[in-house]
């Protein structure tokens, strides 16, 4: 009898497994249909790097070389010269080797003025590696394309329809919960 | 790399059309080789998961290089692996393509300064599509696979294929005086 | 080349076939190569070869600052993301005397456990793939995809986020983090019975794993294995309990152990660990303050002298690091003690005498990850 | 520098030329796949009713005409097997997709409908490669042997009453012979590849064959004893009242298990064993040779469930709604019944494939020798007794 | 038991610095003391020589111990402890492979991560990250006095007793 019971248990277990599998047929699959539907990545997602300019087209970057020093993969190389009129430095060359970059966002952490930022554009696959040696024009272009970007100092910023740069609402910000919870607490107090 | 084994652009209309048809079929039925190396291999598997599902485009893994069309080099290639990788590539049946996935496979990535890392898999096998990222997200791999699809089926792109870069790479080289296995 | 095979044919033995499994083999979970002597289907000898993913972590990290080392450690056990950063971070915090806020510790622990679930899900899928069932792989990868989505929303990357830093974590939580994790845990608890039906209760899995690849308690300890492999052999050694770190002293959980020591026991222990991780995460969701500091005060340039061994219990076992600082801002030497590295040494013990198909099941139950083994 | 010029914005864009703009359309899928079913049905009708009718109309139905007619039917069946393979591969991939919470092929052709055509064309244009270590002739011959031996089962399968190529009175013996042959193809292919994985696969195929063939033959014997005939047509005829599955339940279960083993189907796919032997016996095959193995596998995936239906589920029996048996309409209806029953069994096989892991090879042998053969003998004795009592 | 040994306490570990000739004897002593779990063997290039660091745990009370021994570049060899703890087999091979320390009596001392054809030990400080010799690298002088007390002042002090505070 125990043998029969064993067989019955085995058949039952296989049947349960098969039912478990087949019931998925009636469920909607979570596929996101990538090339046909645009991905909505979270704003802090690190897919590529960009150099943000101010609204008036001036350079945010002060060429302090902090990002170059912070980079673990050593892919940033910058050349600069002293600004003949006024303080600071001007960029001669600002190259990021996006081929060898490990997308750890250490440079973004290091940047004191939130000039170098992370963006969500991941569609960089190419037939030719030379397209990925990013110079300053390419990095600016990446920033101009993107609607939102992230840097630890200024948080998530968004580009509005009319080209202005604004801070994103707290729902998109890391640590935005503090701001979201504040009005509720104030209401409770009042 | 046409059906008739010629790299010249076919002038014959009928054969040209047949060539196009076969290449259309090739581009719509790319079977990658099950060859995961490192971090990118996990994202490579994730490209076939329910969320991204590259099987929508008719791609599924074959374990043996004889039946695979695309080799996705998904991770760091070091000098010990390089010989095996080249051998796997040689074992694949023509026509075959290579996708270099991630920073390490492209040019060594963060590990390119190391003593045993090959600085880019294109020193060993000819690469058709490169994906940046460390690791690239699954959608990026899907984009690369679709770029490869366009490259195979599109005449203009196909005949501008970069020639074999790595013909002079000796994968069975003896170590040099400093004990390192020479790369190029 | 014969010296690299390490398994010379024995003269006068024509009944033994020497088979080279890997580095490209679907069941080696990466680039393991095992040279196997087969007598029919029975394995007579087995010599594992590693190093096909040796990417010079330890040498490269000597030329990077402590801050730059952390993203490199991510790439070791790439299935379990942030878990690898923790030993280095803890060791350096010990040596430099950096204080970590309570909330940061809890955030770290939550990510640690999320990645443990993710890693065990990947194991479950690939182990079943090795046994021949394709479907659980897709289910587990979808569940893992949810975890990675939660991680990406906060940490910025799916797999290797470079999230922990000295004194805490790099950035604050996404506003929806708590809601997301709670929803995911509910989802996972609904799915776990399905996984039990497909894996643990399946009679074919029983037939393939029960009594296969038995690792005795003494042998397991002497071989230095750790993690689920050790606990399946009946040793309740878990770094989270033995040498607690971060927020583990504040949560309650059990160490699931089994005395059988066979492949099925290793499967079972990993399943129980998923349940324990869910339990830990539920407690932490309650305890963690919604707002507050996420990072302590850490100097911008760390100069460290001294030596420290710190270990954490990652998904594969004791992941340790031995940091030696010479007073500069770069480590003098970093030695990573990979859990899977020690676990994989038992291959000859378990393979010899087993059937070839058993070897596949045994290998999947060891759950090797080659980023950590070869470094 | 590369030959490809860097585009202005340094980005290469995908061409969005797929069919489906980002959502599934179940009705479209159903429509496209029903086209395959209709094509299959029309092929069956044309083969078994159309070709004889054509020769009848031509008045060329004796002597050489008969031979040519049969040859034409075989050609039609070959085309039919291609349709079956394309259909089943697509069905497998779509069903696996569905149970795995994804969609499977869906962008090439309406609802992925011509995906498998692309696959076949691709394999046609792929390099067909003979390794240096392989034995050329055997290596080349093995896919053909495998395909022919599975294709040969078509000869005795009755699609409707009288719709069969050869309703031989030794049909069962023919089946035993042919199914043994199909293991030979695998054995030859694996052993001639000059590859150790393929050799192990071949050895496993051989060991597997000797273990499932004996219970299979005993099951055939029980069916023959119960039905009183070895002709497949007569076996179906005998099931007019009650399907064999009820009196012959034990042989039925054993037959399903043996079929799974003969198909090299999960949970018994040891010769191929993707995750163990890489691809087993066909590890060295590429291009068209591999396509023939693939074709053979899927033709068998149709034929073995079809034989289950013939032996145990009443074959083409079903309500005829007053149609005269033997007419075209009745034959079409009967072949539809037969196909639907077969489709259900094919689906069960796919379902098993989607769910179960793989046994170890010695476990099948142990099971076959220790459990299946005694049970098959028991089934045979029971069948004989029942035959004595009830018929 | 005249083990040339120095004992100190670092964080939660007992650290023994031992003369390479006494390394094996100390390990046997520790094995007898119940240290059954080998965590790792690390290897360091100290600038004047190579150092082997063996890390052990006792499963019964979770005491941790670390054994260090320094060898010179010329005679970079210590006794293997694989027979005491089979788990250090690969760790010793790795130390041989990357740091160039030979282990006498190891059953299978081959390179582990690199190929047999290589003849450099890349983790030594004389090589740069790329594995090339640094031209102006010179070994430092051996530190004086020797780190261990020589000879051991008394037997009780020298004999290792495992974890402190027992």
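Worth a mention:
Letters A, B, C, D and E name the chains as they come in the text, with residue numbers starting at 1 for each one.
Heads up, the rule we're going with is that a residue touches a chain if its C-beta (ideal position, glycine included) is under 8 Å from a C-beta of that chain, and two chains touch if they have at least 3 such contacts.
From a predicted model like this one, the values you see are computed outputs, not experimental measurements.
Think of each touching pair as a link: the shortest run of links from chain B to chain C has 1 of them.
Counting steps between touching chains, the shortest path from chain A to chain E takes 2.
Shared contact partners of chain C and chain D comprise A, B.
Taking each chain's centre as the mean of its C-alpha atoms, the one that lies farthest from the centre of chain E is D. Note: centroid distance chain A to chain C, computed from Cα atoms, is 26 Å. Chain centres here are Cα means. That of chain B falls 44 Å from that of chain E.
Between chain A and chain D the centroid-to-centroid distance comes to 50 Å (mean Cα coordinates, whole Å). Among the residues of chain C, those in touch with two or more other chains are 26, 51, 54, 56, 59-60, 63, 71-72, 135, 138, 142, 160, 198, 202, 204. Multi-chain contact residues of chain B, defined as those touching 2 or more other chains: 49-51, 53, 56, 63, 80, 110, 113-116, 134, 137, 143, 146-147, 157, 162. Under the contact definition stated at the top, the residues of chain A that touch 2 or more other chains are 14, 17, 20-21, 29-31, 35, 72, 102-104, 123-128. Pairs of chains that satisfy the touch definition comprise A-B, A-C, A-D, B-C, B-D, B-E, C-D, C-E. Of all residues in chain B, only 79-80, 113-116, 174-175, 178-181 touch chain E in the complex they form. Across the complex, chain E meets chain B through its residues 113-115, 117-120, 122, 127, 129-133.
On the chain A side of its complex with chain C, the touching residues are 9-10, 13-14, 16-17, 20-21, 30, 41-42, 44-46, 70-72, 102-106, 109, 118, 150, 152, 170-171, 173-178, 180-181. Listed in rising order, the residues of chain D touching chain C in the complex are 96, 99-102, 196-197, 199-200, 266-267, 269, 273-276, 278, 354-363. Taken together, the chain C residues at the contact with chain D in this complex read 17, 19-20, 25-27, 38, 41, 128-135, 138-139, 142, 198, 202, 204-205, 207-208, 355-358, 360.
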